[in-house]
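Have a look at the structure that comes next, please.
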Amino acid sequence: MPDNNHFEPRIVAFLCNWCTYTGADLAGTSRLQYPPNVRIIRTMCSSSVDPVYVLKPLLDGADGVLIGGCHPGDCHYQTGNYKTRRRYVAMQEILRASGFDPRRVWLRWISASEGQKFADTITDMVASLKEMGPNPMQVAWAI
Amino acid sequence: MIGLFPLKDGDALTAVRSFLQTLLSNDVVDALYVPLESAEGQILPALVTDPARLESANPLAPVMLVNGARAISALTQKKAPARLGAVLRSCETRALVELVKLQQASLEDVLLIGVDCPGTYELADYQAIQKEALFALEDALQAAGRGEQLEGPDLRLACQMCTQPIPEQADIHLHIYGEGLAGGLFVEIGEELAEKLGLTPVLDYQVKKRQQVIEQVLGDKQKLREAEISALQARLGSNGSIAQMFAACLRCHNCMTACPICYCKTCLFRTAAFDHPPEHYLNAAYRKGAIRLLGDTLLFHLTRMNHMAASCVSCGMCSSACPVDIPVGLIFSTIGTQVQAAFGYTPGKDLQEPLPLVTFQANEWNEIGEVK
Amino acid sequence: MAFTPRIGVYICHCGINISASVDIEAVTAFAASLPAVIIARDYTYMCSDPGQALIKEDIEQLKLNRVVVASCSPRMHEPTFRAAVASAGLNPYCFEMANIREQCSWVHPGSEATTQKAMDLIASAVAKAAHLQPLITRQVEVSPSALVIGGGIAGLQAALDIAEAGFQVTLVERAEQPGGHAAQLHTTFPYMQPARELLRPLMERVDAHPRIEVMLSAEVEEIKGFVGNFEASVRQSEEMRTVSAGSIVIATGFEVFDAHIKKEFGYGLYPQVITTLDFELLSAQNLQVNGHSPRKVVFIQCVGSRDQSLGNPYCSRVCCMVAARQAKWVRQRLPEAEVTIFYMDVRAFGKGFEEFYDQVRTCGVIYRRGNPSEILRQGEHLLVRAEDTLLGEVVEVEADLVVLALGMVPRQDSAALASLLKLSRSADGFFMEAHPKLRPVDTSVAGVFLAGCCQGPKDIADSISQARGAAAAAMIPLLRGQVQVEAATAYVEEELCAGCGQCAQVCTYGALRLHPVRNVMTVNQVLCQGCGACASACPSGAVTVSHFTFTQTMAQLEVLLNGSNHQRKQELLPTASLMAK
Amino acid sequence: MLQIESRQFATTHNLFACIQCGKCTGGCPMAVKTTLNPRNLIYRLLVAGNGYDLEGREELWDCTTCATCSSRCPKLVNPMEAVIALRGAFVEKGRVHPNVKTALESTFRHGNPLSMPREERVRWASDLSIKPFGEGVEYLFFVGCTPSYDPRVQQVARSLVKLVQHANLDFGFLAEEESCCGSEIRRLGEAGLFEMIVEENQEMLKAMSVDKMFTTSPHCFNAFKNDYPQNGVQVEHYTQLLSRALENGWLKFSGRFEKTVTFHDPCYLGKHNGIYDEPRQVLTGIPGLKLVEMDRSREKSLCCEGGGGRMWLEGSNPGTRLARWRIQEALDTGAQVLATACPFCLLTLEEALKHQNAEDKLRVMDIAEIADQVL
Amino acid sequence: MSTYDLPNRLEPAALVIGGGIAGIQAALDIADGGFQVTLVERSASIGGRMAQLDKTFPTLDCSSCILTPKMVDVSRHPNIQLLTYSEVAKVSGQMGDFQVQIRRKPRYVDESKCRGCGLCAEACRLNGRVRGDPLTEFNAGIAKRAAIYVPFPQAVPLIYTVDPEACVYLTRGVCGKTFKCQEACTAGAIDFTQSEQLIEVNVSTIVIATGYDVFDARRKPEFGYGVYPQVITTLEFERLASASGPTAGKIRLNEHQPEKLVFIQCVGSRDLSIDLPNCSRVCCMAVAKQAHLAHDRLPGAEITVLYMDIRAFGKGFEEFYDRVRHEGVLYRRGNPSEIIRRGENLVVRAEDTLLGELVEIEADLVVLAVGMQPRREADGFAQAIKLARGEDGYFLEQHPKLQTVESSLPGVFLAGCCQGPKDIPDTVAHAKAAASAALISLAKMRGEPAILVGIGASYATN
């Protein structure tokens, strides 16, 4: 078993351009510190996150995937995040049912003004993933 | 109403055949999709326009080569070119409804003729039954009508655990459960159509008896279903074990080809998007020490699950098609049911009900995305 | 000829904002080693003129065809650098940014991992850059005319503004006369100016305007096309006409609540119970009830508004001031008459409203707080029964005239118009604006705008100001003569598309349609806003959004997960990727 | 039956402007302890049609005319004046408390409400060389009834004279000629008598060619300033005068007053006339004095319950005098002296202090008395 | 012509005064219509009052999420010349030909060099020690900053400004041995030699969008604002509740989580006693929203709103008011008379007019719904350009119903709250109406509609 205390989780984040990406920027401009374990990929809307974008990191051994979108009702494209939410529900069911830990995939509504919430989310996610330990897919080769 | 079509020669199959013939000859439909039985005893789905050819029709044979929804999709696409009758099992009509929602088929000008389904055998088992003449079709149907199954090979697992053997969507519904076929072929049918076909209403139809049989059958199947699912869940329970279950996958994509829902012209996994440069494999190998070639197997299955789990009708054709005996159908059915339950969605039930992933409510799962 | 990316990577120090916590030298060396990278440079401020010059020179001299800048957030300087590469002749969409300041140096100062993260972000940007495609910002020609549906005060004003700006306007009004509800008013507050004085100049100007064609007794039956090029079929008596328009203003107004529904007030039963609308007519005839001047007048507010039992939970916004104005009118004309107004809250919110409310009270109108429960007959008179909530007592107020302040409801045919234009409606049944705060006159359909009460209850002033707002929005594309189309839109690879339409179902903008012949989905580039909901809804990857393609994202994921180049084993470059620990 | 023409009344008193917000009642010091509810009263008058019966509305006599209601009304309604006017209906019918009757009669006869003989009005000043006011004298010192007759308040008047003399200001008084200003008469609802008093006093002021005057009591100050018709006389409360004298260096203190003092704003100085700073300027100008504020100070000062004719009335809830709460608030600040600048406040607060048995902890003093000590 | 080239300057042009949401919207619309716009903003960043808000009612949209893109559009629009930290000094001429003198206050920072990196502020001696004016400062005076600052992180333009009131050098003439800020700035942008500049622009039409002042609650002494720390204004509450505010959205007062909140409506509105007779139109809903936020973030807190009339008149407002009551916020009808201290807590004294009883409501946080009032400077400005003002002090429109954007001067139009209180959507509609009026006069001057090529970021990004 790897030592979870020294294990640094790796997170891929898909953040919507209008809210969460901007919120992450605000965390930056406000110099809020959070663990460096996340790599952000910008998307226009959380609803454009394809299931493959979540599954591939999980199967390739990333420890967590974060999807960030505007708060319900705030979507720049009016209703994109509602669709994201449904897709996330389906994906969570599938992950849970197929023996993956669905806690590795987070969906969070973080607005452009919630720099602190973004930083807190990353901090919490890293802590939570540390507790869960490394993604077993990191060493699984026959997949 | 319930009508009775008399058993002319005392044989259910003959009755069904002549009933189907009346549809064609009375000009109710122009063509009929129904399995025909070849001289060698093969049951093959066919499109029939000549009533005479219905002499060899056999929609009652307990075998299913393909899910007929695919065929109806091919026959109708956006709109049926002629009035079409389709004799389908419940899982086929359900898949068809899903395909209609996905704009891959149309029910316009399509007359759905549903048959109570006592279940089907894997092709090899069916052939064995025929070859060894383990039992006669007529006897098997009579037994099924009472809710019993004759001794012999097991039904396909999907059929053993099928809890929806009664076609709900059919315009014409041929009963097997309940009264049995002794007195004739009971047909549930709209009044207008019944009149056209000269069917008279049955006044003393014993609904209760039929209900009892169905309840008993469903009860048994439900129990088995639960047992199978919990056994599978136990196997899937731990991290990564799904990888073990799919380890033997050949990437032949037969499951996808057999699936009535998978309608893509070209699967994403067969497009250039998954043509990896050589570095990809090497990088992955460097990272993990070893990788299986060719890869993306589990990614394929999980992605397919994301695409169709909400619509999975549990027909089990994928399992039947798998050359390496992965219980694909059981896995998809188990997971699909969970996804469907999450959205309160029953695939194949209601044409008006939108597919869960293309619709939404503003006020639902309000806890998701918020920090607890 | 196969495309070979030639990428330049530019790493910004941002003063010391980045360089203080990121090892710029190592990052630059790393960037230089990435596949397809021809050159990697660093500079104090890439966004400064010399910084931009560096990039431009390299594009020209090194024949770069893709550029990556690693600096701050793209939300900050993407347009700056896009303009820079464009000025060097490169398509602006062949540019990508790595955000190593907001996402890296500022949030993890002093961490060893900061430099590694910067490398990862750059590798990811480079991977995407290799797959970037040049995109053309397209323009669509605009028909220099507008269609205004509805000839009430909002429609008239909108038509007038657009025509004044120099464009042809067709105004379609269903009734035989324009003027709408405002024409039914007697006076307006706060100056008690006769409504027709208000309306007449507007109607005359519209009538006389050489660029406005008013079609009366006419209805729009079909609308095709999109912003810049709408085609409306208008039926006028038996004739059908096609009107082309660059933009459309909807000003179809509202309907007045039917007071019969509130049985407890006996409207239609007691002749002494009238509505605020009836009052307007009656006041034109000097307010006689059965030949007598009323001596006790009671107004009841919120009839048909703020009433969930009717399914009208909203406030109708105008009734408080209408009742106030009418009450004042009674006090002025019939000084002997006692005037009581029953209210729940007095909503005198607009400019001069509270002041007017002050005047109305001081002229002797009695405001009693309470929503009357019923009206009963007592001899010749009526009794209004209510709890006076300020007394906490049930009171019965005698009246020989009761005026019900009616609310507004959406037009019954608004659902039909909504489906004609694919507009959405809010829960209250009025048309839904694109954004309740910042886009109050826009709709989700580009080129279609809302004016007046069809969007929700409004008084004349607010209707007019919204109508003029809609006019401004509608005249902008006409003034420009062209509409710019979002470049990063969705497109369909037809050989992959099975025409299932899931993409169309998730599209908010109605930008995807099934091609009736080819049986595949097609994207209307003008309507598409590039959100990408369609792309992720498509199982076969047939729908893609330019600039955020599946291939680009997968390439980013690939380098983040597996590293960029197989030569980069751990011992060679220990900071190769997120995954390669 | 005490019927009034309510519609007419409401119009005259601008009650139609009322929006029933309750701000008057919410701040009314008497609403806490009696049934007085100005907002409700106005409403009942408004909805009464054209006649309202005041019978039983005894709480009208509870009003202290502190002006909290009128100073805060967002629609510029003046509930206090409405109450005063309604008292008039009682007075007209002679339906007043015997004490009130006595006060009114005494004012009519003796020029003071205290049933004291006119000639004793100057006894307090017999040993002080105050010149009678006459042509060319700069200030008229209007002493007022209570400072003239009440032994406790006489000390205030004496201190004040010393201060003004110390500041070398040219002033004189009216001696026996001085008559009640009528402030309390008006507030008791006896408008007729008040008019008479005003007329007489106006004539007297005119006859004496008074340009400037100052008063001991804020009540007199307010009456001359606001209740009397404009007469060109510049009237000041003595705290204003002293504050100016300090600022200009006319008045200088040589002693020290090493005590913590808190100041109780008299309603007729503060809420009625917005004079908050001058008394404090005098206090803070006293060497050694440390001024602390009660929570309820300035615009929020709590009425002592001495105004509006309440010096002669028990009110409907005599048990809990506001002055007693006020004493407690003063004690809570840790102050050793509770300063005020109004005869009524001085008397009610001092009485409350006695009642509270807290005389060892606190003293009630008029600003003039404190200032006098450090001359 | 590439998409990013600036078109040649086209006459006629417009001047927009004020960079709040009204000015932003008007400027964008006129610029999108193809005309040149000069946008003058007095403070260091555009954004105005809306930028200070956390969420907007009734949809609870995040204010900055929807505003920031518009601000960025302004700064990038090729037709807009943005002059922040500048004031209109003089206007002469008439419709079609106004000469406008603009005073550019010294930022002491070279706008062409500053990259907004913030190293200067970190280095400033006064970093974390300067408290701004609660009425005008972005964080309503509840957070402290340096003497060199940007008003807020999303400021547009993102250029630092030296606060001349606070800067040690500018106030005392010396700041230690070295300029800390200048040393820290790697771009060499800090320039204390800057002085005021006057520039002239010629425009054909003017849109005034100077907004409003927030009522100074100290003018209602009975509420003890400025005396009791527990009494704050809605603006301060907004900053407390804002995720980007000094407490990161935690509603805390000196680390203390309030449990009993009282909101008081109409502070500085509907009040003839302070000569502010008008209803401020937004406070009812602002309070409803804040009460909702308080309910949301302070579980179990008792929340009381004291009101006279609830003016929930706009689209979705009444529904929101319904929702807030359903959540358990207690609405009591009564305009409180005073707030007094009792022990640690405050007591709000009011008559509950529906009970007809005087009530004392204990509170550990009181929020005053401060109203809007005309800009203090409006008088001087109005006189300088001879612009009429109404009795309420707001700029006077030609006609209260038909011509609410036309001012008393031809060619000068009014947008937003400088004409009277408005909420955001009404402001935006009004600003667009002003833009319409301006566009008409501009189009008329130009004659035939011209065809413009490829400009305008706002179109592409909404």
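A, B, C, D and E are the chain letters, set down in written order, and residue numbers restart from 1 in every chain.
Here is the rule we go by: a contact is a pair of C-beta atoms (placed from the backbone, for glycine too) under 8 Å apart; a residue touches a chain by one contact, two chains touch by 3 or more.
Source: prediction; values computed, not measured.
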| item | value |
| --- | --- |
| Touching both chain A and chain D (chains) | C, E |
| Dominant interface by contact count, named by its two chains | C-E |
| Euclidean distance of C-alpha centroids - chain B vs chain D, Å | 97 |
| Between chain C and chain B, distance of the C-alpha-averaged centres to the nearest whole Å | 46 |
| Distance from chain E to chain A - Cα centre to Cα centre, in angstrom | 35 |
| Separation of mean Cα positions, chain C and chain A [Å, integer] | 30 |
| Overlap residues in chain B, where contacts from two or more other chains coincide | 268, 284, 287, 307, 357-359 |
| Per-residue overlap in chain C, given as positions that touch at least 2 other chains | 75-76, 346, 358, 390-391, 506, 529, 537, 550, 554, 562, 579 |
| Per-residue overlap in chain D, given as positions that touch at least 2 other chains | 19-20, 40, 75 |
| Inter-chain touch pairs (all) | A-B, A-C, A-E, B-C, C-D, C-E, D-E |
| Parts of chain C lying in touch with chain D, wherever the complex brings them together | 338, 346, 358, 361-369, 388, 390-391, 395 |
| Chain E-touching residues of chain A, taken from the complex the two chains share | 18-19, 22, 26, 29-30, 70-71, 73-74, 76, 111-117 |
| In the complex, chain C residues that touch chain A | 73-76, 99, 101-104, 106-109, 111, 113-114, 116-117, 120-121, 124, 434, 444, 488, 506, 508, 529-533, 535-537, 545, 548, 550, 553-554, 556-557, 560-562, 578-579, 581 |
| Residue ranges of chain E in contact with chain A within the complex | 54, 59-66, 68-69, 118, 153-154, 242-244, 248-249, 462 |
| Interfacial residue positions of chain E with respect to chain D in the complex | 221-222, 224, 266, 270-273, 308-309, 333-338, 340-341, 349-353, 356, 358 |
